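Common to both upcoming complexes is chain A, partnered first by chain B, then by chain C.
Showing the complex of A and B:
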């Protein structure tokens, strides 16, 4: 065996080993995913980031830690849970006496909540997502004194779906996790159920 | 008026309750008489899964085309045009996520953590370039990776770096890879993504630090061609290993090398190995002695790395958020006057006992001890092997691309005056 063919043989052997290694890792990763590789119940589908409102403590970091400005996290209104209160604790600052839409009375720093009269004594509150920065101030107010129908959620069309979410890394409550793309929201209803 | 009283009552109750909020039905669902219909919550859907598979297909196609252009067509122009497309698609349209470099961490985390499953599309992003490189060399770096193509656009005045500088800076990717694997395996964080210099530019939106880092890389990239690829990229380490044993690899000359030396100064990445026909430039005896000394030193370097890694494990574990939380709790005295730390507030309201957290943290620190030792040993090994490779002078008669570090960019091909021998084909 001359030097050249010996080198080629070694190269072939190592190449085979590397192929084997790649196959082993792939096989391991695919096999551990369990039976359904395709279809609805598989685990191997793409994931997106979402935050669990039940864990969220409204620290305000969603507004500042997202790689996007303004943040891809927005306040989401689960209307079906809303009490349509006149004195909305997510809309008004604590201690507000006259309930009108004056900016100084609003909890929201960017006036992203629109208050519209429905019928006595009910008011509808709508989030203007183009304004909302995801600070969670209204969420805190609504959760503390109201029904908790205002909740922070990652709005997927705005989210870049980073491999590691920059807000998740800084979330003090560990509320963020990867969720399957087929079920991308985690709005909480009363108790434990989902909206 | 009654309603206001009810609200006032709940206001008082609310002030007394802990800060963590859950949806509680304090107010009944209103019964509207005006025919108002309660709207549904607006939940826009994420990017469709089909598009993730489209990305995989585009990766496969661009990689095949790059390989064809480099190995068969030997066309630098083609590679350049394709690289512009890749930069536009994977960089500016897909905004750099998910990329093959970052996918290292997903795969590692899936291998070590029981709860995380790597999505198939991400797995393919990790695998396809590796397999291609094992077959055809690093054509992925040449025209597909948006990072590489981006830096390629600015390398106007590349300077030669010298073997020793190249070798020593070339060890940084190994360190980076080791750390990335350590942090991903312990489900701590994805440092490759966190310190990714170019996504900020792709998204035209990043912190000042990120822009500064990217700017520095691009400016230094004018003189040091592809600084990220050569001296930082952790995926490049894996590709380097694959490429060294690849089945086919691009060559500078299409036929026989005539030693014309025209390609000597062409490669901006110092990836052309010059002929080495003198058997022992430094003296055979001296070289053999050095090699023996280094091979004896190698185990010592590895052991030293293991020892140092073991010493550093608590510092490294401090990156983990659970460990950080536990240390924060221990460092913060329980008192009412302290300003609230969100982490501690969240922990208190989560209902997890402190003891539970401490046990969890002890396990994580244990994992870090093992991991840091392996990491340290790996770094020692890389250091030793780098030294050995610097001293070794393998025999070569021709100008050859260095299979490990060559990006297969095809820049050198145009400088070779040898024409393809038509009579043989």
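Showing the complex of A and C:
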């Protein structure tokens, strides 16, 4: 086999780079099919990280992997889906007999959920975001037994919006994605939930 | 010789480093993968109690999305779901299928084999040959019809949206509104936090309603007065695990109850006065997260469980007479 000249090597490298580039652009276009490339409907502008509650498996990594302490991910409450249950499976540990606000009965490891009496037998549950660490334990309980009104969301005033989000990189469910800053929440609910 | 030893040692060291890097990159430490905030659902779904029933070959309807099951007085099995009804025999052979537009949310069969089908916001009556007889809508808006039960001249319709049970005659004429909150009659009203609100008629003709927000089965008389109730919230087998259970129930010919739950998916038998008798199916029998385990009583003590996730009718036979 003839020894390759420097000129041939450079020509080959340029061709390879060119073809590689074309393949990357084409692949990207295929992946983004349906999304307009030009015009006012094209998704543009700044984006932020958000997690899709429909994909979330409450693995606990939102609490442990965020660069912020406590995590910028918080439990949020979609009130339109809430049953206002007396025995809230997002508030009480499983098997709790007496339904009161004793710390030993609460599922939340930091007591970030407040329980307020509405009328018999209904209670309202609110999240104290200064305490919430985003562990998702309440989200698991609510989703397993109840309506799934407790959901994890990245709270943007707290989030550093890292270029490579440490939680997104480690999320086993692939629940994280970039969303437009103009519509930054992905809460499931019956109405447009106010966050 | 010395060189050889160094070479072998270097190769072993190299392989050990490669193995360690591989483990670190691809397997990760089990401690790191462990969720320190685990809810403990795996432990909750485990039970040492041995079921008093054994599962046999499940039945596979033709419908691709199934939601409700009932057994007819003719012994046939009726399965409804998205866009139609399948009628099967006990061996699983499909005897008849018919289609309709819409989504059946619940189903029951009247003594004359007329099918009463809840369609979310209205009720339809169908002949088993697939001819629609009539349809009507509850007078309240925002109806979410989750269950129907019928005797020869009474049709009970559970509406989770309005937290009420309507009683109609076979022509669809409203006869009574049952369970409506009425402090003067000491009726506290149903507490239905989610669309799981089942009704059933006992062999004695009594109306039973699953008041899932109170984790109880309640018996009502014809004028809507609460007669009795039983049930308590508990993760142990004796009770119903949290909100909103029992999600479904059916009543056997001897008056005992079969209940199914969501969250901790389990099916159990209770005596007519509400004492736990036996476990039919363990939580491990179902995929985690399965909801909507509708129930029907089959022949020879069979319990039929509609498994919407696997799209099957699961069949459980008693190991012995209780």
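Here is the rule we use: the second predicted complex is superposed on the first by the 149 of 195 C-alpha atoms of A that agree within 3 Å, B and C clash if a C-alpha of one lies under 4 Å from a C-alpha of the other, contacts with A are read in each partner's own complex, and residues count from 1 in each chain.
Convention: a contact is a pair of C-beta atoms (placed from the backbone, for glycine too) under 8 Å apart; a residue touches a chain by one contact, two chains touch by 3 or more.
None of the values given here were measured: they were computed from a predicted structure.
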| item | value |
| --- | --- |
| Partner chain(s) touched by A:24 [first = chain B, second = chain C, both, neither] | neither |
| Partner chain in contact with A:64 - chain B first, chain C second, else both or neither | second |
| Partner chain in contact with A:188 - chain B first, chain C second, else both or neither | first |
| First (chain B), second (chain C), both or neither touched by A:83 | both |
| Contacts of A:137 with chain B and chain C, given as first, second, both or neither | second |
| Chain C versus chain B, contacts on chain A by residue | B |
| First, second, both or neither for A:109, with chain B first and chain C second | second |
| Touched partner set for A:147, first chain B, second chain C, both or neither | both |
| Touching partner for A:155 - first (chain B), second (chain C), both, neither | first |
| Chain B/chain C common contact set on chain A | 58-59, 61, 83-87, 89, 94, 121-122, 140, 144-147 |
| Touching residues (chain side chain B, partner chain A) in the complex | 3-4, 7, 10-11, 14-15, 17, 19-30, 32-34, 36, 38-47, 49, 52, 95, 97-99, 102-103, 105-107, 110-111, 116-123, 127, 130-131, 134, 189-190, 193-194, 199-200, 203, 205-206, 241-242, 245-247, 321, 341-343, 345-346, 349-350 |
| Chain A residues touching chain C - in the complex, by the definition given at the top | 58-61, 63-64, 83-89, 94-95, 97, 107, 109, 120-122, 135-137, 140-141, 144-147 |
| Complex interface listing, chain C residues touching chain A | 35-41, 44, 188, 191, 193-194, 213-215, 233-236, 241-245, 262-263, 289 |
| Parts of chain A lying in touch with chain B, wherever the complex brings them together | 11, 14-15, 18-19, 22, 25-26, 28-30, 32-33, 37, 43-48, 53-59, 61, 67-69, 76-87, 89, 94, 118-119, 121-122, 124, 139-140, 143-149, 151, 153, 155-157, 159-164, 166, 169, 172-174, 178, 181, 184-185, 187-191, 195 |
